[in-house]
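Below: a set of structures, written as structure tokens.
Two complexes, one shared chain (chain A), two partners (chain B, chain C).
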Partner chain A sequence: MRGHRSRTALINAVPVTVFLIVLFIYPIIGVLSLSLKGDNGAFTLHWYTDALSGANLSVLISTLRISAETAVLSLLVGFVLAHAIARMRPVFAALAMLIVVVPHFISALVRTYGWIIMLGEHGLINTLLTSAHAPGAPYSLLYNETGVVIGTTSVMLPYTVLILQGVMRGVDSRLLAAAAGFGASRWTIFTRIYLPLVAPGIGTAGLLSFILCLGYYITPALMGGDQQTVVAALIDQQVMKQDQWNSAAAFGVILLLLTFAGLGVLGLARLRRKKAHARRSSS
Partner chain B sequence: MPERTNSLTAGKLSADDLAAVLAPRSNAPTGKSLSVTGLRKSYSGTTVVDGVDMEIAAGEFVTFLGSSGSGKTTTLMMLAGFTEPDSGTIEVDGRDITALNPGKRDFGFVFQQYLLFPHMTVAENVAFPLTLRGVPKAEIRRRVGETLEAAGLSKFAGRKPRELSGGQQQRVALCRVLVYRPPIVLMDEPLGALDKKLRDQMQTEIKSIQRELGLTVIYVTHDQEEALVLSDRIAIMKDGRIEQFDTPRGLFEHPRTPFVADFLGAANFLTGKVEETTADGSTPVRLDTGGVLKARPHPCAPGQRVRAAVRPGKLRLVRAEESCCSGTVETAVYVGSLTRITVRLDGAAPGTPPLRIETAAAPPRPGERVCVTADREDVSVFDESDGG
Partner chain C sequence: MMELPPTRAGHVGRALSASAILLFLAMPIVIILVTSFGADGIGTFPPKEYSTRWYEQMAAPGGNWATSIALSSLVAALTTVFSLILGVTAATALARGRLPLHAAVYGLVLAPMLIPQVVIALGLFLFFEPAGMLGSPLAIALGHTVLAAPIAILIMISTLKGIDERLEDAAASMGAGRMTIARRITFPLATPGLIAAAVFSFITSFDEFFIAQFLSTPDTRTLPVLVFNALQFDVDPTVTAVSAVLIALAILALALVALVRKLGGHRTGRSALPVEPLT
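Moving on to the complex of A and B:
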């Protein structure tokens, strides 16, 4: 009976396995071998040392920095938005969610140009700020890191809002009322009850936007300046302009490893929680 | 199942231990008195609580008893401060607290849903109210340890609430309140989610802790038995009003309204007309079905239409006497310690329910002719216009 069942399971798994091998494993192995092959076809780590030194390294670092800034900013904005949405009545919450998500049905290219129009020196935001006599206006909000982070944050926002909102809706508001009943201040309730309860969501949302941002291309390319070259843009440059596939492959592998590292951190945190949990249970 | 057994046996010891741990440091009686005047609340035009007045003494165990929608929980939530009353005042030891936030009232709350903080361990949950009160860390550790020890929960101190059974969780919730010794504890159906056996045991625990600490407890339930077991006084709620606020015995033996008479332990209602008051001061009622039933003295004029209420256990089967009511036995069902009999009175209008009688004496057979009467102390009289 069991043998029969496992055989059926095996047969069912075949299409997926074939699909993954052909379209995922094979290309990855291809990229990996490409990144380890010299011009003469021999094994070399040259492309990696190249990628991790000089100007390339600073591109990598600025990519990490932009991703981290995006993760933090989208968490902050996302938290406020999600908190507001989680407290709305269902109809309004659905409407608000729609407003957050719908811009992402539009092509990323169009959306980015929208931002460029908004953020330019004579764009809507600077015009408003100038007429309001904000000190230092107009600000340069485009073709620098500020521009890139504004753009990428807007891309990541729906993910953080969706994740955080889900977690926040799961928080039993009666727990907060109970804490208030014991005499807790609003700040205490927020820091000691609410934040710990939504913490898993914050971790997941933050890491997700960080990872997504690592490989993001369009927004940094269009809204950044020369200083804001990201790894994805570098890969594009090397393949399209320099026909340098080996170096591009090395960058690809590095990005993949960074992503895995991020997922590893998240997994490790979960594992530690589980272990601590198991320790308590057995004690 | 070992945990379950544990919680049951541990509980037996816990109540007295818990009280012993908490009591020595409370020199004065812990409880405070509570006075409620004209409390009202309505939601979008529907009146939920319609003028509640009550005086609760320090150290008293008071229960709001009523079916769902009677306004009992809303009243409790207003006392707690979670719901703002439309009008009325709440005073604790003479101090008006109507406008205070729940946290400022220094009450304790135990809810049906426990509401333990899921991300905190049992010990952290119990420590929470103390940390808010700025109690020194060492003192917190000691008091939490003692409280959990007394409640038989020491070995669960490091666990998360979800790893505990329902009874254990409710005991933690109780510890979390008792650890900071609030003068008044409000409980909203705290045992509603537990099974019968555990509920009985927890009732005993709650009652003995309350008595030993002299806590003022205000309790909400729809379970009559629970209310009778726990309470010094019970407020029977109906349609947002207190029908009667009295001791369990007072409610049972001297119901003030037909509703109370029927709500607590069922009653037979008989309509009739008041006759001339007799020399012994009782109120004789000539029943529409024939026969006369003597009732407790009741201020009413001869000739007035009334309803007499008698509990099934208080009706007696007698040989034909002057003031008994004759009828025919319909059914007689033996239910262990007593027999439940239904009797159709001669002249009863079709459609009216038969009399319900409970007797421990040798029961008559169905079809047998009987005569029914009751002691005058067991017969309550209500004006016919009274609802219920």
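Moving on to the complex of A and C:
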């Protein structure tokens, strides 16, 4: 029985490996090689210098800015929500998680459309704020960066809440009780004990939503204005409308490198935590 | 969680902020469901008059919407078949056997979840364009399988890990052949996982936008591509009804998976989102 196990495993691993090499790895290598090819087929870095200058550079910068803003906002909102859910009664906690997780399985296009209806000049939010005589209402919440960041944050929130919830559940409440027993104030307990304990989760959640934002353009394309063009939307335009495949490929590789950088930081942080953990448990 | 005596102000503050955030998350979905029955078609909320005309327009035979719903269903069905084949084989290799290069294969399987989808879509465009396969349902389904297979594989791995291998060993010791074991023991126990994998593969494909957008042609556009165009260029009120249908589909799918899990008595405890490998 055990003898043929590794042979069977090898045979079973073949379909997925072949499939992903042909339809995932090979196409991405195709993107890489196209980004380094000039019109005459010779090697060139022209597409990268082009992508990193002028209007293209500002698109790259707004992509990074929108991703960073979204990461920060989804961290803040996710933290408040996860922290509240951790202290709810089980029934309410389950209900809250349902509201967080179910939208993840609903098409992002559809959710974005919901935001468009809701945030418009005559949408629900502005109607409520105007009737409450909020100063400056109605606000422009659509076709600008505010709208994009709100929409994108709602897409990333399931990830941040789930990750933060995972670390919050792992916090040993005896540590907090001990600190309280020694007379530490709530604020001290929160900043000196609780936050450091959940910090790894905050880092992971923030970086992950940043990475996932980089290549995401449904919300920026539908809820943003001209200033909110992101790299992914530019790739789409260059392929579908302008036939500038080389330039699109260079942008694709830049997105890929940024993603790898983010994943690298995540991996390094994990490695360091493991090492620190090993050192602590060995001494 | 925190074993500190809760203050009333803290309690009220937390409850209020959490409710506000949850309401904010649920509202866009509720608004779509309600306005899809609105008669005016400009998204007044709440609608002054109700009607089902947008649903009738969506289902009108021969129309853009009906055609793209048929295409999306075909593509999603193909994707489900491909993902299940890859899911069952790969999960058997990763969960059961002693696979050489286990980490490399596992990493390869997870990679499509983390690489920007627009880059995968661009790669597939460059791959299928020279073959003249743009707009082919098969090409779109193969592309969708790159995204759906990893999800199916993760679900099947956790399903197979939840099955006690000793049941199979016991059957083998009583003389059952490998086919009999697979048919009589493994398959019945893995059914809830298989259904979950199928449902999530189908939904992943049915809702997928990036790959479908890059591989589409003006005559073959999947439902999400059509929705995107309707939202970006010509606002067609029918899109509200389509969105409501997509919401209903997702909720039905999740309910089906939950039901099957419950009937199968499975409590795998794995989260439904593919974030686990990262935390």
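By definition in this document, the second predicted complex is superposed on the first by the 250 of 283 C-alpha atoms of A that agree within 3 Å, B and C clash if a C-alpha of one lies under 4 Å from a C-alpha of the other, contacts with A are read in each partner's own complex, and residues count from 1 in each chain.
Going forward, a residue touches a chain if its C-beta (ideal position, glycine included) is under 8 Å from a C-beta of that chain, and two chains touch if they have at least 3 such contacts.
Treat the numbers as computed from the prediction; the structure is a model and nothing was measured.
Aligning the two structures on chain A places chain B and chain C next to each other without any clash. Touch criterion met: A:Arg174 reaches chain B and chain C at once.
Once chain A of one complex is fitted onto chain A of the other, the partner contacts of A:Met156 are absent, as it touches neither chain B nor chain C. In the superposition on chain A, A:Pro196 makes contact with chain B only, while chain C stays out of contact range.
Seen from the Cα centre of chain A, chain B and chain C lie 90° apart once the structures are superposed, a value rounded to the nearest 10.
Of the two partner chains, chain B is the only one touched by A:Gly183; chain C is not.
In the superposition on chain A, contact of A:Leu142 is made with neither chain B nor chain C. Residue by residue along chain A, chain B and chain C are tallied for touches, and C comes out ahead. For the three-chain overlay built from the shared chain A, the minimum Cα spacing from chain B to chain C equals 8 Å. Comparing which residues of chain A touch chain B with which touch chain C, the overlap comprises 174, 177, 180. Of all the residues in chain B, the ones that touch chain A in their complex are 80-82, 101-104, 106-107, 109, 111, 113, 115, 117-119, 121, 128-129, 132-133, 158-160, 163, 176, 180. Taken in their complex, chain A has these residues touching chain B: 172, 174-175, 177-185, 188, 192-193, 196-197, 199, 277, 280-281, 283. Residue ranges on chain C touching chain A, taken from their complex, read 1-4, 6, 14-15, 17-18, 21-22, 24-29, 31-32, 35, 43-45, 85-86, 89-90, 92-94, 96-100, 105, 108-109, 111-112, 114-120, 122-127, 142-143, 145-146, 149, 153, 169, 172, 203, 207, 209, 213-214, 224, 227-228, 231-232, 239-240, 243, 246-247, 250-251, 253-254, 271-273, 275, 278-279. The residues of chain A lying in touch with chain C in their complex are 1, 5-6, 8-17, 19-21, 23-28, 30-31, 34, 77, 80-81, 83-88, 96, 99-118, 120, 122-124, 154, 157-159, 162-163, 166-169, 171, 173-174, 176-177, 180, 186, 189, 194, 201, 204, 208, 211, 214-218, 221-222, 232, 235-236, 239-240, 245, 248-249, 252, 255-256, 259, 263, 266.
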